[in-house]
Structures are given as C-alpha cells and as structure tokens.
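Once you scroll down, you'll see the structures, which are given as structure tokens.
Each of the next two complexes has chain A plus one more chain, namely chain B in the first and chain C in the second.
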Partner chain A sequence: MSDKKKIELPDPSDIKEDILAKYPKKVAKKRAKSMVINDPEMDQEQQSNVRTIPGIITQRGCCYAGCKGVVLGPTRDIVNLTHGPIGCGFYSWLTRRNQTDPGPDGENYMTYCFSTDMQDSNIVFGGEKKLADAIREAYEIFKPHAISIFSTCPIGLIGDDIHTVARQMKQELGINVFGFSCEGYKGVSQSAGHHIANNRIFTDVVGLDDVVRPGKFRVNLLGEYNIGGDAFILEKYFEQMDINLVSTYSGNSTVRDFENSHTVDLNMVMCHRSINYIAEMMEKKYGIPWIKVNFIGAEATAKSLRKIAEYFEDDQLKSKVEKIIKSEMKEVKIVIDQVKPRLEGKVAMMYVGGSRAHHYQELFNEMGMVTVSAGYEFAHRDDYEGRKVLDSIKIDADSRNIEELTVVKDETKFRPELPEKKASLLEKGYRFEDYEGMMPDMKKNSLVVDDISHWESEKLIEYYKPDIFCAGIKEKYVIQKYGIPMKQLHSYDYGGPYAGFKGAINFYKEIDRMINTNVWKLIAPPWKNQPEIVAKMADVEY
Partner chain B sequence: MLLRHTPKEIKERKALTVNPAKTCQPIGAMYAALGIHGCLPHSHGSQGCCSYHRSTLTRHYKEPVMAGTSSFTEGSSVFGGQANLLASIQNIFTIYEPEIIAVHSTCLSETIGDDLKQIIEKAREDGKIPLGRHVIHCNTPSYVGSHITGYANMVKGAIDYFAESTGKKADRVNLISGWVEPSDMREIKRIASLMGANSILLPDTSDVVDSPQTGSFNMYPKGGTTIADMVASGDSKATLACGEWATKDAAIKLENKCKVPFEITDIPIGIQATDRFVTKLSKQAEVTIPESINNERGRLLDVITDMHQYLHGKRVALWGDPDQIIPMVEFLLDLDMKPVYIVSGTPGKRMANRLEELLSEKVPEAKYKNGELADMFLLHQWIKNEPVDLLIGNTYGKYISRDEQIPFLRMGFPIVDRIGHSYFPTVGYMGGLRIVEKILGLLMDKQDAECPETSFELVM
Partner chain C sequence: MNTTVSNQRTKTYAATRNACKICAPLGASVVFKGVRNCVPLIHGSQGCSTYIRRYMISHYKEPMDIASTNFTEEAAIFGGERNFDTAVRNIIEQYNPESIAVASTCLSETIGDDMEKIIRQFKARHAGESLPDIFFASTPSYKGTHMDGFHAATLSLVKHFASSGEPTNKINVFPGFVSPQDIRNLKTILQDFGLEATFITDYDETMDNPSWYTYKNLPEGGTSIAQLQSAGSAMASVELGKTLAKQQEETAGTYLNHQFGIPKISLGLPIGIHESDAFFKALESLSGKESPAKYIAERGRLVDAYVDGHKYNFGKKAVVYGEEDLVIGLVSFLEEIGLDVVLCVSGGKSGQMKRILKEDIQIKSHTEILDDTDFEEMAERCREIRPDILIGNSKGYYISRELNIPLVRVGFPIHDRMGAQRVQHLAYIGTQSLFDKITNALIEKKQNESPVGYKYM
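What follows is the complex of A and B.
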C-alpha cells in the first residue's frame, strides 16, 4: 500500500562472495551471474533460463512437467496420456492442486492417470503400436472429447513418432488426437514444456469452433491455473462485470473452450512466463491484443480490473468495476488493519516458479513486509528485467531446440477492428504487452537469484534470518527445520485461494497465522539452558 | 463423483494403464539410499525425475528429502551423461560434503546406455572422489519392475560396495529391511533388542525421514546405517531378509560375497508373519524369545478375540506392494476378514502363487492380479461389480473411498494426506494392534454414522 515504510536493505555483496567461495571455480563463475544485487534504477542483466549445473540441488523439474503438469494438467475434458515408463505419469497424477468444476455430469479425466507403462520390450522394439492400442482403448472405454499424448525422455531416444500415431488415431477414431514432444531433457526446465504446450494447443485446438458466444465483452484469461480455487474467485468478478470469460488457460478449463478462444476481444496474461506464447500467436493470427494483468494482491487486482474496463471504454463496465472494488476493498482494509501491526517490517524471501515470486511480493507489500531476496525457478530474462530486453536475449543451444512457430494472419478469421482499437488506445497512453519484470519492483540491494540451489538458500537463510520463506514442496520442510515458517507458493500448502480481494484476505490471515503462531517458540525445551536439570536427567537409567 | 468415468463393465486392456498401483524404480533407490548414514542420493538423468521423486517422498514424510541430479540436457541425451555425472560428483563432494553419494540411473540414462560403474571409476581416477568418501550405484531402469525393484537394487548396491568379510564371524545378525516406514524400522530394531539379538539393520530410515524439530537443519541426520555397519555386515553370522521383493537380491549378494547364510521372511505384519520373523531371528541369533514378546503377542490376540464380531466376514480390497500385501492378506484372514480384491503393479509370479496358497480355500472368490495392467482402475471396476467393506492402500484410494462410500485404511506408498505412518509402526505385534485398532475405528465409525437411531449403540 502507499504508506510503505522506507527500509534500507544492506548490501549483500559479502554474503554473495561467501556463497560463491564454496563452489568449484567454474561453478562459482556461472552462479555469480545468476545472483544479482538489484538496483531498480539501473539496467542489469539477470542470467536465467540457462542449464542447471549438475549436482547443484536445484528446484527445477523437467519439460514434461511444464507441458503435461502445468499447462494441460488443469484441463478436464481430455484424456492426457503419458507415453513412457510409469513414473512420469504417476508423479504428475493429481499432485498439482488445479481445482475444476465439471458440474454434475461434465467430462472430467483429471482424477485419472493414463500411461502406456512402457516395458523393456517396448523400449527395445519401439512403443508406437502400444501407444496406438492405448489410445484406442482409452477411446473405447471413455469416449473422451479429445486425447493427447505426452512423450517422456526415453520416447525421444527410441524415436517413437507420436505425431504420426496421433494423426492416424484422429482419423480412425474421429476425435481430436494430438501429441506433445515434451521429453524431459528438452530445454533447461519446465519452461520448455510451457512453450511446447502453447504451440500444440495453438496449432491443433484453437480456432476449431467459430461460434461467437454471447455477451458484449469476451475475454480469455491466460496463465491462471486455478490452484486452490484462484480462478473460481476471478470467474465471479467477470460474472459481476458481465464479461464473458470464454476460456481460462488453463485453470478450470476445457478443450471445448480453447477451441473457441480465438473469438474473444482481449487476452489477459497472468503468468507471463508460461503462456505469453499463445497470447502472441493469437494476436498475430487473429488480431487479438493482449495485456498483462495480475490478480495477486488487492491493489494489483483493482488495477487490473480497471485496466480491463478501460480497454472496453464502456462507462457501465467502469462503474461496475468501481462498485466491486469499493465493496471488496472495505473488507480488505479491515483485515490489513488487523494484521499489519503484527507483520509490519517482517522479512520475506521467495524463490518460485516463473511469475509468483514477483506477484506475491505485492501481497507482502500490502502487509508492510519486505522482500529482501527473490528469484524464479524457470523464468527468462524478460520476467526479471521486463519485455524491453526481449530482442537482446541470446538464444542458446538449449532453447534453439524448442520450436518457434511461424504464425501468419488468418485471412478469414482475423479481426481488423481489434488492432484498430489497439492503435487508438495506444495513442491515449493505454499499455499493451506491458510486462516490466520483477526487478524494477524490488528494492535496491535486494538479492535476485535465479534457479537457487540448496546451498544458496541455506546461506541466505543464515544471512537474512527471514520471518517467512516461500518456495515449493521440496524446500518446505528443509526451511521449517530451521524454525522458519515456509509457505509453498506452488500448492499454497493446500490452502488458498489467494487471488483477487478475497484471496488477498486469505493470504494476509495465513501469513499472520504462520508468523505469529506460538509453536515456533516452543521448539527449544525449557531445560535447554539449565545444565543442572539435563545432568540430573542423564543419571536416570531407563 | 470423482472417478465418474469408471464403468462397471470391464473391457480387456492390453496397452493402457489407468491409475497405476506402482511407480518407477529410481524413487525406491532414493528411499533406500536415505537409509544410509551420511548419504546423498543422486539421480543420473534429467532433472525432472529427481524433482518428482523428491517431491513424492517429501509429501509422504513431510520431511526434507535431499538428492542431486545430473541435470541432463538434450546434448547429454545424445552424447551420453558421463560429463554430467563427473561434474555432479565433483560438485556434490565440494558443496554438500556427504560421506557417500548413491547414484541411481533413470530411464533416460539407461536408454542411452551410460555405464555408471565405468564413469564412477573414471571419477575416482580423476581424483573427483575425496579420500574416505564413496560413490555407490545401482541401475534402475523404470521399464523393468517397479519402485520396489529400485529399492532392492540400491540395497544390493550398498552391500556389494561395502560388505567385507574378514573371515572371522561375529555374533551378530543382519536384518535387511524391505520397503517399510521409519517407524517400522525402529520397531524392528526394538524387537531385536528386546530379544537380545545383536543386529545390524540395513537400510534404516529411522532418524532420517522422521527427524525432530530442533530449530536447525541437518542435511545428514543422525540415522541411517553407517559405513562401519555395512562393512561389518560381511562378518555377521546370518542374514534375515524381510520381504522377498525388496531384499532377496541383497541377501544373495551378501552370501555370495561374504558367505553370510540368509533366510527370507515376510515383512512382519500381523500375527503369523511376526511369529515367523521372531522365530527365525531367535534361531539365527541364538537367543530365546522373552516374556515381553509373548505379552505383546498376547495383547494383540486379546483384542482380536474381544472384537472379532466387528471384523468377521468383512470384504476388503487392497493395492500396493507384494512384500506388504502378502503378510497383510494373511493377517486379514487371521482376523476372519475377506481380502477379495488385490492388485499390485509390481510384477513377479510369486505373488500370485503366494496369494493362491493363502486364499484358495478361505476366499475362493478372491480376484487378484499383479504386474503390468494390474491397476487401481481394474480394482475399482471389481468393486463396482460387487462392493467391499474396507479399502487398504495408498492415498490414491481416497477417490474410490469417497465415490463408493467405503471406509479406507491408508497403508503403503505414498500416503500424502495423513500423518502417522512415519511415527507409528504397522510391523510386529504392536503394529498389528495398531492395524486392528485402525480397522475397528473405521468400521465402527461407519456403523455409528449410518445405523438407524433405534439401534445406535453406546457400548460396542
């Protein structure tokens, strides 16, 4: 909020040196560029989207996880078939908390895990036949709207051609069947998988259903995955604003909605990292402009809602938005006033994902807390430094392998009125494609760390002694062993929702609970500093 | 309905697995390696596998699960992962300073054909392994076997590397633990010590994945089998291997390498499997069975005789690992319950044979299947055709439980929605007591919730 206290952060150069000192020379040299001491006034290059150094203990997962787990996982009317040995499919089975609401009889395959469970003979002789059989069987049993195939590491190596199998099956079964070559070794993190997922949905799904749905305003929300019900909260706002939210990529989503998603007037991008590709491609092919929004944080939500209303230049819509903001902000303020005295000045650190480590700083700011250090797990330079650096990003060998689709204007479906609208709004100072990245929003001397390693987080915890630390499941209990509350920002610790105004309130209360619980104070036993008691107890034989 | 597309009608499948009752080898190797003191597991492959395995183990234990990865890129998958593993070994010893790195492969490095043994040899020649530090390994291709196979391979790998025979036998027994919880490993040690049997337990995840909150993080917690004990296991006079699938290979290895004779026994779940465990241990260790063990056994039997009416005839569906399911089925039969449906994704004909022996007379209608395509989807379809009174298995059963309104006892791996398994054992007589108490609680809570008010009971 606006009454942010001026807190000067110490220069963390020493701790950075300390951390690097432990590393072998080559490692130190590489990691140094991933740890930037922030100066929001300056242009600083943040090394990111580069290979993780072997043995470093990283947070990162693989391309398959980004493709199947992140982008396609939350879509319910499709059988997502993992082609590979059993593990990859097993681990991505229901482990992200994408909520979905299929209604009483809607299609929902998200509770199922489908796998070809490749055996050694399939690895030796190839798995294409087994894949085709599995698709047939899935069709016979489930009659789904669509089936997709996800390749895992060994599939790429043995050379199964999943796309040919997909084409054949599509013809044979008469439903949409398509494949993702998202082998885990592609790229350097989940990020490659996002891109691959975006590409294939764009080529094989978007644009299949041209029936324009009702409503004066139609939009897509991109990069909102409905963890803990975030999307449900946002859906309600759109309802109240009489905006038809045609599709969400991909929280609480259906393939049917994706098919129709090129009919909207505006794309709104939440998680820039995972989904900007499809926004860009839709603009090129159909003319749909996109804006960056953020619904994490009450202020950010208000700002985003206003921005949407401004886009449509509709007074009724604007007044609806103001009404929502006014009534919701009242409650927000009540809770902030309650928690702020207990949280003001507390220190937070967060290393997670590709957008949340930025977005969640808003929420901490609103409580008067300070983010001293943050970083992403799989983001690119534009997510740190802003889209202004896009042209200067060098494409390395690992990224070059990820297909960049050549998209051309669809002469029949392109809507020229949209770029016209865009041009006129631009003139009035309205901003499109406007992601400025994390670093300009962070304090001077905050430490920005990309793809943080376990060693680095250990040292930084010692140094900053944070009141709360945010990351993912693998870090959760490591951090808590230090006696520091740890908030998972992938799964929300099975809580949430945290989006929108209601979500912000949930988050304030949650952080207040975590930081101010009594239990941390009980960790040291009362006799710890009373040697005589310990000595006497040691005499007792059991 | 959560599993709304599961039809009652069963169509034969030959290629499609739905809702598997197993996972892949490396996670087992990782879990076993956590049971070695001062050891950092390392996944040789792309970083996704390692991330998945760590996450799953973390969710199951709500504890730190540390492991390294070779972080393959597309280049490594073309040219092989040697450079990645060499770099990993050097980086890990420099940065994280474990005593041991336990490397397991993944589907990717197996398909490429990386030779772990040779790469580790090279690391040694290149001076990347500091003096007194060790790199052990095992191969864990996930297109063979299951997570249990991976566990078995890592235990065997550890023994293969460390066990030594001085030629002088010690008055000591090796206990090789199948895939059980840290609580169970602790209980196995307690039983052995109650009996006065001098023993070494391998692996031993107690005091590793159930470590106390002290306000400080220790990357290598105090638990885990030590190097000294693993070396000494070669001089033990006998080995008792608990759980054929997970421990047999290691026991054979130890016999071949160090001439330690072994016996295989089931994981001591329930009365008879614990009876066998205790009997065999007393013979191998040449100790008598103390009164305290008789008392524990007696207490379990007492509760069963008291509460038999609530258990008798109840139909049960189970899924999980053969080493746990076999003694569990035997125990359920001893409780006069009816294990009617059983699936396990872990292959091995022996499972069907053992179940046949146990079930053919007492529950001739029982259906069971293991290996490829023996999945929870099939189990659910069986249930849809004729329901059961109780489900026993890992957390994924909660979807069936809710849809079909069937009480659900969580056992096996992973359990990601309840705590308790790390702290309260299910092995031994005391573990048996816990199982019975849990089953009774579930069945009686259902009765209390659903019976007509007229027959609502105060005393049960």
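What follows is the complex of A and C.
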C-alpha cells in the first residue's frame, strides 16, 4: 500500500525478559527460543513444533483433533466414526463451523457424530468387535460412499487393530473403509493429525477415479476449510474463470472429489501447514506442480488469481481474472475508504493456526493497522521462516513417530507434460512451492511467539495494549476481560466469510465494528477514579 | 393414541450416534472450577483439556484455565508421573493457587497411573515447600457420563477436605449440575432463611464473572478450603438429585453421613411447585423458620401463572432430554402445568430414572422413557410421536428444526443462545422463568402459524 506510514516498533526485549523471569529456569530457557524478536532482514530460527510444557496452559489441540476435526471433518459423503470413549467424538461434533453444500443429492453426514462409545469392558477385552458392528450399522443406515475410523488415546494402548477391521469391513461391505491411527498423545499438537490424515487420504482415496473431468483448466484448492463459507466465495471466482475446481481439501468437499483429485493440472495450497504433504506427494506420484496461494486479503486475492492465470499462460483466462479484480476492487475500495480513517495506526496481535496468523496480517495491513506480535499454535519452522529451512529442521522423537510415506512415481498415471510445463515456467521466473513464511512479512522488532501460553498473552497485552487481539475461543473471554476486542480466527465468531474480495469487505466492517463500538467505554463504572481503558489504548504510539 | 405403554426398544445399536452425554472429566472440571483459587489439572493428552475448555467456554463465555499434563507418546507408555511433576510446579509458579484439582482421563486410567501414589510422591519430593492442596478424582470417560465425573469430583472434595470439628449450624448444599444463576438464587434463599450454607461447589461467580477492571488470572468466588473442611462439622447436608439419592455408590452426602454423622436430606432438583415446596419445607425445618413472605408470594405468582397459561400448555406434547436428574425435575414441573410429557431422554444410565419417574413422579402410563440413549434414537421416536415442543440443551436443535417445533434451552451445553450461565431452573423463581419461556415458545409458534397474525392469542 502506497500510503503506508513508516512505523517503527519498540524493541520488546524487556518484556520478553519479564515474561521469562516468571518461569522455572529450564522452562524459561525453552520458551526463550519460541519468542523471537523479528528482523525480516535476517535468518532467525523460530523454535516451533516442540512439546508444550505440562502445566503451561496451551491453546493447542491433539492429534485426533487435527485428523478428525480439521482435515476429515468438513467432508460430507463419508461417515466419520470415532473409536473410543464418548468425549472426543462429542467434542468434535461439527464444532469447527465448516460449511458444506450437499446440493440436490443431499448426502451429508457432517451433522452426525458417530462414536463407538467404548465402555470399561471394551477397554479390558478390546473394542474391535464393537467397532466392526458400528461400521456395519453405519453402512446399514446410510449406505455411505465411505467410512473412516479415528482412534482416540486408549485405542492405541489396548491394541485394537483398526486397520485390519477396516480391511475386513471394506471387503464385507464393498465400500471404502479406512482408519486413522490418530491417538491424541501422538506428536505435539493437532499438526501430527494433519499429517496422518494427509497420508491415509493419499494412500486410500486419491487416484481411485481416473475419469478426467471436463474443462480446459483443472485445479485443486488445498488447505481451505470453508469456515463461515470462505470456500463458497472462492468457488464463485473459479466458476467465473471457467476453471474446474475438482476438489477442495477439505472445505465443502466430498471423498468422490478426492478420488479424482490426481487428474488436475495444478495444486494450490492455502494452509501450508495442514496440507503441504498431499501437495508434495501428488507431485511425486502424478507430476502435479503446486503453488502457494492466499485468498485472505483483497490484494492477496488479486495476486493469487493472477498467479493462477499466469500458470495456465492463457490470455482469455488472464483477461477474465483482470475483469474480476477490477469489478471486485471497486467495492473493496469504497469500504476501505470508509473504515481506514477510524482504524489506521491501530494495533493488532494474533496467535492462531498454522497459516491464519500470517494470512490475516494482509487484511490488517489493508486497513492501515499494524501487527506488533503474532505466532502460530501448531506450525513448524517452515511456516515461520519459509521452506528454505526445510532441510535443516531437526526431526525430534515426537515427529519421528509420524509416518513419512515413501512415494514413487506412478508410471501409468504420471503426467510428464506437467513437470515440463513447470520447468519452462521456472525459467521465466514463475515460482513454485514458494512459501516464504510469516517472519519476512513482519516488521522489525515485532515479537513472534510460537504456542503462546495464557501467561504470555496476558503479559503481552499489558505491554502492547492492542486495539484488537485475534486467536480462538479459548482466549476469547480472557482477552475481552481486559476490555480489548477479541476476534476469533478459527470460528470467525460465527461470522464470515472472510476470504476473497467479498470476505475482505466483511472483515473490514467487522473489525471497525469491534474496535469502535461504545461498549468498551462502559467498562469503567463512573465512580472509579481511573482513566478509561479506551483512553489508555489510544495513547499508545509507535 | 396413547396405546404404547411399553418402553421396550425394538432395536439396540452398537454405535452412539449424536451422544446425549459428555465425558466424565468435563463434569469434574465444572465442580473443580467452583473451588476458590483452584486450578483444575487434567491428567492426559492436552486435547482433553483443550476440548473440555473449549466446550465449557462456548457455554459459559468466560476464561477457563484448566491445565493439562500434556501426555506424549512416551508418557503414554511409561506413565505420566514426570509430566505431572512439571505440570504442578508450573501451575504453582504461574497461578500460586490454593489448590490443584486433578481429574484423570481414559488415557491415564488405561495405562493405570496410580494418582494417589503420584500425588503422595510429589508431596514427599517437595516436603518442606509450601504447596497447594492437591487432590484427585478418578474420571475415566469409558465409565458413565459427565454426571458421573461431576459426582466423583464432588465426593473427592469432601473426602479430601472435610474434617470433624465443633458442630456448626452450617448447611452443606450439593446443588448438582445447574447454572451459576441457579446457585446465586439458592444462596439468596438460604440467606433469607438465615442459614449459612456451603455450596459444594459454588461455581456462581467463577463461571459468570463481571467484566473486570483489572485482569485476574483466577476468578473470584468459589468454595473456600475452610468451607470444604467445615463440611465435616455441618448441621446437615442437602443433596439435590433423585437418582443421586438412590445411587448404590457412595455420594458426598452419604460419605459425610457415614464419616461424621451429618444428616443427609435428599431432594429432587427443586423445579415446579411440588419439588420446590419440598425444598422450602426442608429449609423451614433446618432453620426452624417459616418461609419468608417473599417466597410465599413467589409461589403464589407461579401458581397464578400456571392458571393463566394453562390453555396454552394443556395437552401439548413435550419431549424432555438431558442429565437424568434434570429430566426428572423438569418432568415433575411439566406435569403440573398440563403439558403431556411423551418422551424422557437421557444419555445417563444410573438405571434409576425410569423407576423414579414412574414411582415418585407418577408419570402417565404412555410416557416413554429412554435412558442410556443418544439423539438419533430420540429423533426416531420424535418422528413418530410428533411432539409440540422440545426442552433440553442445544444439541437437540437439529431435531426441533427437522420437526419445525420450538426448543426451549435448558441445562448444558447451550451454545446457540446468549445467557446460558443465567438460565434459571430452580425454586419458584427459576420455575417461573422456565414457565414463561415454555409457554411463550408455544404461543409464539401458534402466532407465527396463524394465517392472520392476531395480536391476542
């Protein structure tokens, strides 16, 4: 943005020391490496994807949450069966607000929560029989296209072999049945579950349907989960561009589309953390190249759409893209002009996800706001520092147990024309697999914090006195007790969509509403002889 | 109509489809959040704590600091003692709590972590240091429901803290799983009787905080350790919940009775006139005072409302679901106002609900009772029965939507409406609020569906 003011951030070394001083020595030493004072000009190592320290309240979820809740949760034509006691299935019962459009066939099992509801006798004597019965039952009731099984903590310990049960059931019922060993204690966060989900979908689903679908251009959108209807917005752009969006992983998705997803010409990766595995594996096996895209932010959306058109090297497509951008940007500008005078220079902090804390900075930049501190919940070093560090990431014991599939070229289905296209585009300066991470995009002296704890966010709020804080529901009411508006970027506070141009407009209006509401002025009762919290926030200058 | 007397199920299911129950550590967490300056600690994978916090937050809309021992694969194999040690030390460092309440999970119970021993050894290792009180409830989620976790946690508290002493005139109140507003209302009532009460536990303030002027990392309110200790020298215990009263296993009330000879008064949740009367009668005999005029008036207004609203409620078919004791309390009330309770549903399986509904509440012979069940079985029955109204938590919304009938939200979880913390269920005042909501829901439906749009209904 041309009118971006030159804003310098204070050096947060003191507050970092303050925070660490409260921790026991070993903890302090460990946490120090997860809190990096950013210098975008330098290569700095950001510790991430390491165990959360017990007793330090984390916002992270577990492996099961990443596998069942995140990756498979939004797929509608599959019965997802949780194998374990009742809690896990109940807690992941459509809690992520993934929307879906079942269309005329209406097949949609997302609104159900299936569990084997293991009882103590099952824990003692094993639950394989109950699992098989539950699968038969689900088949009998719904005749679904596929059934999947998700193991919870005790399953791994009692040794139920869900994969054998899955194979037997597949044979017996004649539909695809597969299992995920995604016990909650595996890995260090939901990230392990993403990887496990990617692997199994790749081995048991992708490539089952070779019928090439119509259209001049075919693509997959990976790592877009249709929270609040984001995918619906994006699907419209692809329609307008006459691009056949074969599958989305996994917002508004079907297993049927995953089966066909190896027939595309290009994979586009939104959330790098949760889905890069499948992009990589598809390239190795089928030759499909992938690019990083971002549809959060109007500018970012325009950039991503242009990048897609450039890949296909088609003038008609390029002009369609320009037409979309031109008409959509007109509306974007109207709203930006309205909100910017009220928001410019305001301060944001965000700790969320494996890509959102990066992507959403785009939206705040567009409103002239400054992100002073950010971090992910479950990302890895490459999401912070860029893919250039991939080779130097040390694999620790927690990650070693998450299977890394050996993928080889599929001699019959591999499409040599795609790597050729990639090579020629590379020569012209086009960039593939191009994720540079969050840190190069953040200001000097911004504080990057991985897996931020309750305690750390409290101290940082006192220090930065932000105008808005973005994270998830677990932080929401803590932050708001400080008199600071808190925007959930997991569930969108039951709002959205925020993707694409229309989504950007929604977001600008939402942030304007949250920051400029009168509610915050009411917190201090009139008999309290202290300055209002809003006044304190306004005093902060950078 | 009304010919199905039998409650025999035609089919049983292997899987649970859309559970009408939650896991045990969640119930324990609710209880532990009602202890003053206490940090609950869930011994298991971090997902348990995260999911439970997430669920409680979506209902209470409050900060919910519940720590985890964050099991890794290694801990799942070798046991969680080391993680426990680190967790407790870090909690002390950050929160300086008066107590740490530990709940186990299916993971730690399956590997057989002996929590009593782990806690003992922790204390031995840190002998001489000033430590918070650390206590434990066994809450594996493969046993029972969140209510079993709730009661196990309550029992663990009195077992850990209650001690004998000079007899006092205090009353122990075990309110069960109700709303913070219910607790607030009960407190006022006991106060008005001049009774000093110890709520075990008191999650009124801790789960429904005002907006704060400065942040508190532990919310105000809750039952203090001194109060918990004095539970052993109280004048009496009042334990709410009819299934709890019939439970074979020890409850907090029976423990205090056996251990310290404290008389236990078992009552149903005071919902409706009949059960509220029993509650007030108990308070009268405990305090030796007559019910204050204020409550006589509340009762009178409630009966008056019953009369005024009868034409809207009479004969309307209602389905009630949720925790067993809540269902029993609600049914007792709904029978009073002329609603025809056609189906009672719970995921709980104390085995007592049917008998209590039949014998104590004397429900109609055609009322179907399904316990140990799920929402899908309830939905199947509802499609046949075609009720006029559902009364229960947010999870039944999809059935009310399918049948195009109103859902009056009570219990837990309520995450699609504001004010879950302030839903009133108990005593005359709470019943009044329920009555108005239920009757108005029926009127609204009738009004919306009238072809003309009459303003008098």
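Quick note on the criterion: the second predicted complex is superposed on the first by the 528 of 542 C-alpha atoms of A that agree within 3 Å, B and C clash if a C-alpha of one lies under 4 Å from a C-alpha of the other, contacts with A are read in each partner's own complex, and residues count from 1 in each chain.
Methods note: a residue touches a chain if its C-beta (ideal position, glycine included) is under 8 Å from a C-beta of that chain, and two chains touch if they have at least 3 such contacts.
It should be emphasised that the depicted structure is a prediction, and the values quoted were computed from it without experimental measurement.
**Q** Put the two structures on top of each other at chain A: do chain B and chain C fit, or clash?
**A** Aligned on chain A, chain C clashes with chain B.
**Q** Examine A:C62 and indicate which partner it touches, taking first as chain B and second as chain C; both and neither are also allowed.
**A** both
**Q** Output check: A:P24 vs chain B and chain C. Expected answer is one of first, second, both, neither. What do you get?
**A** both
**Q** If you stack the two complexes on chain A, which partner ends up touching A:F258: first (chain B), second (chain C), both, or neither?
**A** neither
**Q** Report for A:G483: first if it touches chain B alone, second if chain C alone, otherwise both or neither.
**A** Touch status of A:G483: both partners.
**Q** Touch test for A:I523: chain B only (first), chain C only (second), both, or neither?
**A** In the superposed model, A:I523 contacts both chain B and chain C.
**Q** Mind working out whether A:F142 is in touch with chain B, chain C, both or neither, as first, second, both or neither?
**A** The first partner, chain B, only.
**Q** After the superposition on A, what does A:F180 contact: first (chain B), second (chain C), both or neither?
**A** neither
**Q** Quick check on the output: what are the common chain A residues between the chain B footprint and the chain C footprint?
**A** Shared contact residues on chain A (touching chain B in one complex, chain C in the other): 22-24, 27, 51-65, 81, 84-93, 95, 111-120, 122-123, 130, 133-134, 136-138, 152-154, 156-158, 183-186, 188-189, 397-398, 401, 454-455, 458, 473-474, 476-478, 480-483, 523-524.
**Q** Under the touch definition given earlier, write down the residues of chain B that touch chain A in their complex.
**A** Residues in contact with chain A: 2-5, 7, 11, 13-20, 22-27, 42, 45-49, 51-56, 58-59, 61-77, 84-85, 87-92, 94-96, 106-108, 110-112, 141-144, 146, 211, 213-218, 345, 372-373, 377, 396, 399.
**Q** Taking the touch rule as given, give the residues of chain A at its contact with chain C in the complex, in rising order.
**A** Chain A reaches chain C through residues 22-24, 27, 51-65, 81, 84-93, 95, 111-120, 122-123, 130, 133-134, 136-138, 152-154, 156-158, 183-186, 188-189, 397-398, 401, 454-455, 458, 473-474, 476-478, 480-483, 523-524, 528, 530.
**Q** Chain A touches which residues of chain C in the complex?
**A** Counting only chain C, the residues touching chain A are 13-19, 21-26, 41, 44-55, 57-58, 61-76, 83-84, 86-91, 93-94, 105-107, 110-111, 140-143, 145, 209, 211-213, 215, 217, 376, 395, 398.
**Q** Quick one: which bits of chain A touch chain B in the complex? Just the residue numbers, please.
**A** Listed in rising order, the residues are 22-24, 27, 51-65, 81, 84-95, 102, 105, 107-109, 111-120, 122-123, 130-131, 133-134, 136-138, 140-142, 152-154, 156-158, 183-189, 397-398, 401, 453-455, 458, 472-474, 476-483, 523-524.
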